[in-house]
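You will see chain A twice below: alongside chain B first, and alongside chain C after that.
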Partner chain A sequence: MADALFLGIAVLTIGGAIAALELRSLIYGSIALMGMLGGIAGFFVMLDSPFVAMFQIAVYVGSIAVLILFTVMLVKRELIFKKIEDPRRKFAGIGLMLITMVAVGAVILDSGIHTITTGEDPVDFRDIGVDFLTYYWPALILMAFILAGSVMGALVLARREDFVENE
Partner chain B sequence: MSVIAPKFRLGYFLKGIIDNALWIIVLVTLIVVPLIQVLLIYINLPVVDGELLTPFLAFTLIFHPELAVPLVEAIIRSDLFHIAAFPGFGFAALMAAAVIFVERKMLAKLQLRVGPFYCGKIEGIFQLIADGIKLVSKEIIIPDKADKPIFWVAPLLFVGAAAAFVALIPVAPGGEEFDNMPWVVADLDVGLIAVFAVIGFFPIITVLSAWSSNSKYPFIGGIRALHQMVSFEIPLILSLLGVVILTGTLNLNEIVQSQTSFPWILFLPVGAIVFFIAMLAELERIPFDLPEAESEIVAGWLTEFSGMMYGLVQLGSYVKLYAFAALFVTIFLAGYNGPSIYPDFPQDIIDDGIIIPGMTGPLLTVKPFTDGTAVLDQEMINGLIWFVLKTAAVIFFILLIRGVFPRVRIDMLLHIGWYKLIGLAFVNIFIALGLLYSGILAPAGAF
Partner chain C sequence: MSNELIEFVLVSVALLGIGIYGLSVKRNAIRMLFAVEIIVNAANLNLIAFARFMPHSGGQTFALFSIAIAAAEVAIGLALIIVAYRMYQNVDIADFRSLKG
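Showing the complex of A and B:
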């Protein structure tokens, strides 16, 4: 049962990723992207971490995919993209992908993933929170600053110069 | 010769009856009986009096109804029943149907109209059935240049997302028989996060269906819906964090159980108000019904839907309304907790069944409960009554606003969402933190 589920989710994820790249229609491409992100959430559920899975759905499917969809709908594709059909680009892309996957796979295999024991209790999300506030607090503060900086930057960029209050 | 059926002849009538009987016999023998046999292989039948309930015994249920009690219990405890009928979709759809009728009748009373009147003898009570028959029998029209796959699947996805939302709400406490498991389809440790995840699907479905119809009014409505839902999700989520801080859990059932003494609305009224307003915007209800503003853009993103597709979207949106009201009750109004108003079942009936002096018969020996415990115990029914009453009260306030307020402009809407509600939600979080650090309230094990 678990193997069949794993295979199904893997097919959904990889198929969604390929479809997101290859489909001509941008809307269907972003729907495929949503399927891919949902598949990753499914992997997290299978790995006994529903907290991460739910955030994966809420943030990636619920927000980022909506943003992509919104952008795609508001932009006329013909205005910004020129169609460049060159088979060499495709092969170069596939080659690059294979090199990346082999490299990442080598790193993962070398990282001692064999020694991980399965069947342990799932990690409670409260423990994750405690870890964030104690051992990993510099990383948390750094991320908060980066996010605050990006929000401020977005506000500065989006400010309208010609807007008059209470005209 | 009668006027109603001028070509009536008794021979034709008898032939018709015999034909029908023949067809019924043929279909039952060829399809129904084999189907029952196949199903019986897969269904785990309960054991009655130390004897497995075989199909032969199943037919005796007609004469000995007391044998059906364990079967009913087994059905009620099955997952399928939970998902399809009681705490899940069937119950929510029933509530949604009631809401549709009450809304029409109540709005009419508010505006000194009559409202639904002619269907059914009393106050147009059958109006909903008439509307349902109309919607089912109407033709489904698909626009010529629509993106057909998305257009077809969008209403189904909408209802599905609403049903997934309903599945997370605990409706009633479970008795000792259920190991104190609540009556809920999915009792998740991360229930509240799952609610946020499910809410995130609604704008996607809305904007996809709006785009796929390839028409201008739906597209404008869809873009408005997207703006509105995405921006009001933020205060919606932030306003619930105060309760999470005070309870220290994300499980909705544990949040309900933390309110046995007092509801959280007493301590976090700001959060409750923010959540209520954000809820109205998420539900696209007046005064925030810009996505389907009928005087400006026909019916917004619903314009191109017809027939049962429109019916499905309406069903989904009212199920969503029930689910949001139930979430408000669960988080701020103590959920199914309440003083005991439903009396205990009489003990002699539990022990001996219903006894009428001087009479015997199979029906009179029926014990509604097996081995002394109830199918639906007193605690569960009491909790369910309180839950339904509170949900109905919240829905009443949601409906009341529709009769009172006009529609706001979209810039006012976004201004309310981004400037006022998010600020108030943060105020609510600081109130919760103040209560926590001043030592007035704290989750177990916080200090």
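Showing the complex of A and C:
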């Protein structure tokens, strides 16, 4: 049975996700997204994965959400407060959301997943480091190249060609 | 641990549904990026939940990879949005149709 902490974090996460998409202001939407990402980090702590929770807070709440906030600030003021959506699609979108939730939820409830319980100790985070440096080392190096490439690609894309420096 | 696996998975399903709603209804490029982030986080929550209930370090390792790749995706996505905004002075994806080849 879900306890109060779980319910609180679930409300924060799901409410934050809905607010991020539905709040009129993009800035408040970004802050709601931060709350949702923080809620996910709370779930990770509940699931005995403090290392991943720390990574989630550092990468998502600390950098991605701030990057999104700065991008929002670069956009014109009227676009920040303007709701750009297709009203005809709204009901179709809600229908699609409900169909997805009901279909996937029915499959999950029917799969016998509720019989899975654990009495075992959680994975030690030192095992993750060992995994990274032994079995997954090629993937780790590839990920480093992808991250470096993406940062360089983002800089090249965002560079202004028409900008002339005053001498 | 008092919570069951299915509770985490159901939260994850709810987040997936909200993300799909955002992707299908919103035309604001930044909001669509929010929706993608919500779906990625739903997947990460699943990975960590299954890794806890069937103890194996692989789940946490894959979640860390996923978070790092999502960071790269957001950096590129936001750069593309800034370029498109500079060209069209708008973040409405309906205006970006002329980007098609």
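Please note the rule applied: the second predicted complex is superposed on the first by the 117 of 167 C-alpha atoms of A that agree within 3 Å, B and C clash if a C-alpha of one lies under 4 Å from a C-alpha of the other, contacts with A are read in each partner's own complex, and residues count from 1 in each chain.
In the analysis below, contacts are C-beta pairs under 8 Å (C-beta built on N, C-alpha and C of every residue); 3 or more make two chains touch, one makes a residue touch a chain.
Because the structure is a prediction, the values reported are computed rather than measured.
Trainee: Counting only touches as set out at the top, which of chain B and chain C does A:113 meet: first, second, both, neither?
Mentor: In the superposition, A:113 contacts chain C only.
Trainee: So, does A:8 touch the first partner chain B, the second partner chain C, both, or neither?
Mentor: Neither partner.
Trainee: Output check: A:73 vs chain B and chain C. Expected answer is one of first, second, both, neither. What do you get?
Mentor: So A:73 only meets chain B here.
Trainee: Taking the superposition on A as described, I'd like to know which of chain B and chain C A:51 touches: first, second, both or neither.
Mentor: both
Trainee: Identify which of chain B and chain C touches the larger number of residues of chain A.
Mentor: C
Trainee: Return first, second, both or neither, reflecting whether A:31 touches chain B, chain C, both chains, or no partner chain.
Mentor: In the superposed model, A:31 contacts chain B only, not chain C.
Trainee: Counting only touches as set out at the top, which of chain B and chain C does A:93 meet: first, second, both, neither?
Mentor: Once the two structures are laid over each other on A, A:93 reaches chain C alone.
Trainee: According to the stated criteria, A:62 is in contact with first (chain B), second (chain C), both, or neither; which is it?
Mentor: So A:62 only meets chain B here.
Trainee: Residue by residue on chain A, keep only those touching chain B in one complex and chain C in the other, then list them.
Mentor: 51, 55, 63, 125
Trainee: Quick one: in the complex, what on chain A touches chain C?
Mentor: For chain A paired with chain C, touching residues are 1-3, 6, 10, 13-14, 17-18, 20-21, 26, 29-30, 33, 36-37, 40, 43-44, 46-49, 51-52, 55-56, 59-60, 63-64, 67-68, 71-72, 74-76, 79, 83-86, 89-90, 92-94, 96-98, 100-101, 104-105, 108-109, 113-114, 116-118, 120-123, 125, 127-128, 130-132, 136, 139, 143, 146-147, 149-151, 153-155, 157-158, 160.
Trainee: Along chain C, where are the residues that touch chain A in the complex?
Mentor: Going by the criterion above, the answer is residues 1-11, 13-22, 24-28, 30-31, 33-35, 37-38, 41, 44-45, 48-49, 51-61, 63-65, 67-76, 78-83, 85-86, 89-92.
Trainee: Spell out the residues on chain A that touch chain B in their complex, using ranges where they run on.
Mentor: Answer in residue numbers: 27, 31, 34, 50-51, 54-55, 57-58, 61-63, 65-66, 69-70, 73, 125.
Trainee: Please output the residues of chain B touching chain A within their complex, sorted ascending.
Mentor: Touch list, chain B to chain A: 147, 150, 188-190, 193-194, 196-197, 199-201, 203-204, 207-208, 211, 223, 226, 230, 233, 250.
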